[in-house]
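Pasting the structures here.
Same chain, two partners: chain A is paired with chain B first, then with chain C.
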Partner chain A sequence: MIPTPFPDRPRFDARDMVLGRTRYAADRRLAGMLHAMTVPARIAKGTVTSLGAEAALRVPGVVRVLTPDDFPEPPPSAEDGPPPPPPTLTSTVSFRGEPIALVIAESLEAAIEGAEAMRPVYAEEPFQALMDGLEADREEAEPYVAGDAAAVMARAAVTVSETYESPTQHHNPIELMATVAEFRDGRLSVHECSQSVGLAKYAVFAALRIDPAVVDVRSPHVGGSFGQKGLAQRQTALIAQAALLTGRPVKLVMPRGQIFHVAAYRPRSRHRVELGATGEGSMIAARYDAIQEQSRQGFFPAAEYHEAPIRLYGIENYLGTGADIRLDRQAPGWMRAPHAQASCFAFESAVDELAWKLGQDPLAFRLANDAARDPRTGRPLSSRFMRECLEEGARRFGWKERVAQPGSMTAEDGTLIGWGVACGAYPSSMPPAIARLRVGADGRTRFAVSGHEMGQGIRTAIASVLIEELSIDPVGLEIVIADTTSVPQHMTAGSWGTAGCVPATMKAVERMRSAVAELVGGQRIAGNLHRQLAMVRRPSVEVEVSELAPGQKPEALEELKAGGIVAMGPEYPAFTSMSYGAHFVEVRVEPRTRRVRVPRVVSIADCGRVISPRTAASQVYGGVIWGIGASLRERTEVDPRFGGYLNSDIADYVVAVNADIEEIDVGLIDRPDLIANRAGLKGLGQVTMAGVSAAVANAVFHATGKRLRSLPMRIEDLL
Partner chain B sequence: MLPDDDAHDALGPEMRDRCLAITRRDTLKGGTAGALALALAGAPAPAAGEPSAAAHPMPVNGERLPIRTSVNGRPVAAEIDTRTSLLDFLRERLDLTGTKKGCDHGQCGACTVHLDGQRVVSCLTLAAKAEGRAVVTIEGVSDGDTLHPMQQAFIDHDALQCGYCTPGQIMAAIACVREGHTGSRDEIREYMSGNICRCGAYVGIVAAIEDAAARMERI
Partner chain C sequence: MRPFSFHRPATPDEAIALFEAIGEGARFVAGGTTLFDLMKLDIERPRHLIDVGAIRGLDGIDADGDTLRIGALATMAAVAAHPAVLRDFPVLSESLARAASPQLRNMASVGGNLLQRTRCPYFRNGVGGAYPCNKREPGSGCAAVEGLDRGQAVLGTSAACNAVSPGDWPVALVAMDALVELRGPLGQRLLPVEEFYRLPGDTPHEEFTLRPGEMIAAVVVPKVAAGRASTYHKIRDRESFSFALASAAVALDMEGGRVRRARIALGGVATKPWRAREAERLLAGMNLDVETALDAGRAAFADARPGRHNAFKPELGARVVADALLIAVERSRA
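Up next, the complex of A and B:
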């Protein structure tokens, strides 16, 4: 039975947001609070021989300067234990901007003045900030293999082989990384913007060597994150220690220029893609190598560039290799559509080049190369509606009016018009969950589950299920997420947020219904659950449920309780689960300035069953806009002379602004995938961006006849 | 402000000794700060939207300056560090945290407020410049629980995701309408480009402003 679609519903927390009442981490203002400012290293590699803190301590209002000596030795790392927490302050500098001291003061102005008064002395060492010239120093990743790509490629009638590049990029959510810590009544409370309060808690108790039981971390609202605040952050333990050592609450709001240097980022990557097809246009082989910049200790996996491309089409022979080039930079990490932004740009550009070489329409070529199963594992797909995305998108966009020859569609003033299409895919993953639901006779409902709200609408999705499927008063509904004092919290990332809470919500709803039915017995009581409980004189009913991913072992729940990251997917024991999308893009290139505009995008996504239509659509708008920004604007400039980043603010790191964005038409296929989970949903946040840059590049080629293989595509590339 | 010794037991012996050694020393040295903090602990919390400079006296450092201004229609008198931005004054002294810090460089627009009816980025506006002028923040836009048409339109068009840039977007959007820059979608986009929304809610923001502009004209 196909469930009925969920109705459109306003964002759960929108009212507080428009009133300015939503409290983010930096909005915590506690009595007697001190302000902190980090002191970043001004060298890329070497040793701090002297901190020069005397001048800082003379600044009126400066209370204390924390140094590496104020922190315990890092915990010993166990072979099979959790990864070590982030380092605290250091005198051994391994990248420019690494925090070497923390100034604590009575006011923000004094903290800034104190930090600027520091005069550290360094012993510098040689370093390497760029991967150019180091391509031979490959640290190989595990390859993705299907069939025999080398042998079959040799038989291909038509091939393309090109190299594509995606630059270093920074997340730049508008919220600055912020931590407020307070030690009171024997408890250390941390308020932080985080996608993983569990990891933030671990960072504090492991780095400071204190009892986990006294540490609480809360992150009820995050002002955008996109992966930046997923792993444990460097400043968390610093501010926690500052609160412990001073006995007063301490707040740090890290300046954006520093965030560029300590937060994660999308690593620059280079992609060599070779595709082979039969003369009729059937893709039969792919050989694809991806290298990326990597820090000395970093673990953002190079292998995963192949997760999406190997499953975009039914290419039976695929050899995907990958490698790290180690540099003296901070660790790269997961940034919206991690891997897939770069790999779908490369792969879907190459697919377009192959279609052009074969003389085939790029839409028809994609439809003809559909996949029936996962080429990597040979297992079935839980669901796949990429064809439906392409067909619906083509209909809305009016693709059939496209004239194939590049440069053939022009406006009256000579503006070049280009139409491009590209697809994207992203793993649909799922973590285990424990949820607790309490309904009271007083009209209140309290639901606690794992999750973090970064704007994707996780509370709205949870509320959608509770309000739609449980007879409760929506006004009395409280949703508790991102709180270590509540149920176990899993990291919310990788587009698994909804899968990590909505199936558990549905299970809790079922359990609650039967619990109340049992209480009420055979009586017929009019009204909602609150009224029914009141009639049988029961103050409240609470149920607790747990949910596992398909085929996941029950031990995963223990790992969840211990703070582990235990999401499954895209490869489950019995199937592979992917989300899909198709993007249709119109570009207009001004004939003289060569300025590229994107007046029109149609983007259709397959995320299984849509739980919250309004916030899901907003996710697609956001992904498309991120794709446009990555295509035409965003690149972090690494400084080869001194390390660090040259454009470390959002005037010089250019993201899409309102005037860059015109019409975007969003569609959701909304077909439940009941193999993937009981809710029938698949992930959405990342797939919305995957492939957008290829669609823009394909449209630019169609407009100009010029194939651009490096992001971002700027005016100078088209002159 | 001396933390009690028992409270530190849970931290383990090393951290306990480290904390207690320092807090004792610092408390002896810096008695003023401790007394201040104790006094603040008993201060009543201000009502939402109501500025409360009295709750957070200025800490001792920097050049001082007394200012008199009006915030959301209420008079405010305070002594400030001359370096204080209007943004930090609103957030850290008046507890009006609806106005957000996104860059502190005038690049993102998250801190947009109205100064004598004009939109300004409060991070590049010294608090001293508010002397004798009227400041309106997001907390002063609604009529009690009745939302301003722009606030309602932002909900109706889901013109927000994480909500962090939203107060600045709404303040800029209200000014955009008052300035008469809502003649076309392109004009709205141009005049709203000082406010970055990294989540990418621009389509909804433009639709919300078109919608609210029509309703604001009828008021």
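Up next, the complex of A and C:
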């Protein structure tokens, strides 16, 4: 039976947000609170021989300067535990901007002045900040293999082989990274903007050797995060230790310039893609090598550039290699559509080049190369509606009016018009969950589950299920997430946020319904659950459920309780589960200055069943907008003579603004995937961006005849 | 943060007297959109701030005489939206409306705007001595000359500095032969805006010809018919809230379909607001079409000396000039 679509529903916390009632970590002001400021290293590699804190300590209001000596030795790294916590303060500098001291003061102004008064002395060492010239120093990743790409490539009638590049890019949410810690009554309480309160708690424990049983971490609202605040953040343990050592609450809001140098970012990557097809246009082989800039200790996996491309089409022979080039930089990490932003740009550009070489329409070519199963594992796909995304997008966009020859569509003033299409895919993953639901006779409902609200609308998705499927009073509904004092909290990332809470919510709803039905017996009581409980004189009913990913072993629940990352996917024991999308982009290129504008985009996504139509559509808008920014605007500049990032503020790091964005038409296929999970949903957040850059590049080619293979595509590339 | 004293005089004379009395370390501040930003970056370190924002009568816009006279404290937003400015000098209105963001335009004064300092990333982000910069630390060298210079100037550069003069408004004023009215301890003087700016040479930290204690009282723009056939065309890395990669302020005096006199100034490409007189001469008496417009644009960049990553700027700049000329000639027919 196909479940009925969920109706459109306003954002659960919209009213609070527009009234300014939502409280973020940095909004916390506690009695007696101190302010902290990190001191960043001004060298790219070397040793701090002396901190020079004397002048800082003389600044009125400065209470203390924490140094590396104020922290325990870093813990030994475990092979198969959670990722190692970030280091704390260091006197061995591995990258420019690394925190070497923490100034704690009575006011923010004094903390800043103190930090500026520090006069550290360094012993500098030579360093490498960019991979140029070091491409041979490969640290190989596990290859992704299907069939025999080399042998079949040799038989291909038509091939393309090109190199594409995606630049260093940085997260720039409005909210700066913020932590407030307080040690009180024997408990350490941390408030922080985080996608993983569980990992933050673990990091405090591992870095400071504090019994995790007395550490509480909460992150009720995050002002935007798409991977930046996923892993444990460097400042968490610093501020926790500051609170412990001073005995007072301490707050740090890290300045944006420092965030650029400390937080996770999208590493620069280079992609050599070779595709082979039969003369009729059937893609039969792909050889694809991706290298990326990596830190000395970083573990953002180069192998995963292949997760999406190997499953975009039914290419039976695929050899995907990857490698890290280790540099003196901070660790790169997950940033919206991690891997897929770069790899779908490269792969879907190459697919377009191949279609052009074959003389085929790029839409028809993609439709003709559909996949029936996962080429990597040979296993079936839980669902795949990429064809439907392409067909619906083409219909809305008016693709059939396209004239194939580049440069043939122009406006009256000579403006060149280009239409491009590209697809995206992203693993649909799922973590286990434990959820607790209590319905009271007093009209209240309290639901606790694992999840973090970064603005994507996770509370709205949970509320959608509870309000739609349980007869309760929405006004009395409280949703508790991102709180280590409630149920175990898994990291919310990787597009598995909804899968990590909504199936468990549905299970809890079923359990609650039968629990109340049992209490009520055969009586017919009019009214909602609260009224039914009142009639049978039960103050409340509570149920607890747990949910596993398909084929997941029950031990995963124990790992979840211990703070691990135990999401499965896209490869499950019996199938592979991917989300898909198709983007259609129109660009207009001015005849003389060659300025590129994007007047309209049609973007259609297959995320299985849509739980919250409004916030799901918002995810797609956001992914497309970021995709346009990543295609035409964003690039972090590294001067190899100095290391660090030259344009480390949002004036010089150019994200897309409203004036850059015009019409975006969003569609969701909304076909439940009941193999993937009981809710029939698949992930959405990342796939919305995957492929947008290729669609823009393909449209630029169609407009100008010029193929741009390096992001961002800038005005000088088309002059 | 460094401690500073804060003063709010009520009249220009009081402000100038205060400046003289305080002496070293004193700075005037109006909207604060540049100065406070640079203080937070620890680039500007005034010890005494004299806030001229409370002075009455310095924000008037007088369009009735032979000149357009704009008080230094008028906000960018007010001038951009003023009916006489919109009608008689679209180039001025557009240069302001395409700068910064609405919030900044509501705060920033058109007098203070003339003093905006460069956006060179090595200048702004080099706090703590990360990057050598002759503007910030005279004699320390220039990281940009051999560095990531995509945004740097191609005109008016020196071995010591290639930082772009960032403004839009000063470029439009230079095109219109505007004057800046200065008041100081020695009295009042009028100076062409073009002469208000210095080339970097060996002393890039000396950016303005302002004397100690002088404050900007007004901007005076001669009224000319060409003002109506004018435009400020700005190309940047995004469509709003961004500095120019290349911009052109253009005004045309036309006679029977031919150019009698063209005025062209360039932004985003030079170390000071740049008047392109060679290009202007080339256009005199010409019939303006795409070809002649591009020729003029290329003439404007004949002396350009690009660096490593900004070789595109002369060609882009030439095309921006051409598009600006074509917009202006359209307006001359209206």
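Details
Heads up, the rule we're going with is that the second predicted complex is superposed on the first by the 713 of 719 C-alpha atoms of A that agree within 3 Å, B and C clash if a C-alpha of one lies under 4 Å from a C-alpha of the other, contacts with A are read in each partner's own complex, and residues count from 1 in each chain.
Here is the rule we go by: a contact is a pair of C-beta atoms (placed from the backbone, for glycine too) under 8 Å apart; a residue touches a chain by one contact, two chains touch by 3 or more.
The structure displayed is predicted, hence computed values, not measured ones.
By the document's definition of touching, of the two partners only chain C reaches A:L646; chain B does not. When the shared chain is aligned, chain B comes close enough to touch A:Y621, but chain C does not.
In the superposed model, A:D13 makes contact with chain B only, not with chain C.
Using the contact criterion defined above for the overlaid structures, shared-chain residue A:Q128 touches neither chain B nor chain C, since it reaches no partner.
Look at A:T445: by the touch rule set out above, it reaches neither chain B nor chain C. By the touch criterion defined above, A:I715 lies against chain C but remains apart from chain B after alignment on the C-alpha atoms of chain A. Look at A:R595: by the touch rule set out above, it reaches chain C but stays clear of chain B. Judged by the touch definition given at the top, the superposed model places A:R633 against chain C, while chain B stays out of reach.
Comparing chain B with chain C, more residues of chain A are touched by B. Look at A:R42: by the touch rule set out above, it reaches chain C but stays clear of chain B. Shared contact residues on chain A (touching chain B in one structure, chain C in the other): 109, 113, 649, 651, 656-659. Of all residues in chain A, those touching chain C in their complex are 42, 96, 109, 112-113, 116, 257, 590, 592-595, 597, 633, 637, 639, 641-642, 644, 646-649, 651-652, 654, 656-660, 714-716, 719. Interface residues of chain C facing chain A in the complex, by the touch rule stated above, are 1-2, 42, 119, 121-122, 124-125, 128-131, 143, 147-148, 235, 237-242, 245, 294, 312, 315-316, 319-320, 322-323. Contact residues on chain A toward chain B in their complex (touch as defined above): 10-11, 13-24, 26-27, 29, 31-32, 35, 59-64, 70, 72, 105-110, 113, 171-176, 183, 185-186, 208-211, 213-214, 221-226, 244-248, 253, 255-256, 453-457, 614-615, 617-619, 621-626, 649-651, 655-659, 661-664. The touching residues of chain B, counted against chain A in their complex, run 1-3, 6-12, 14-15, 18-19, 22-23, 26-27, 30, 33-34, 36-38, 40-41, 43, 48, 56, 58-62, 81, 83-84, 88, 91-92, 95-105, 107-108, 110, 137-139, 142, 147, 151-152, 154-156, 158, 160-167, 170, 185-186, 188-190, 192-193, 195-206.
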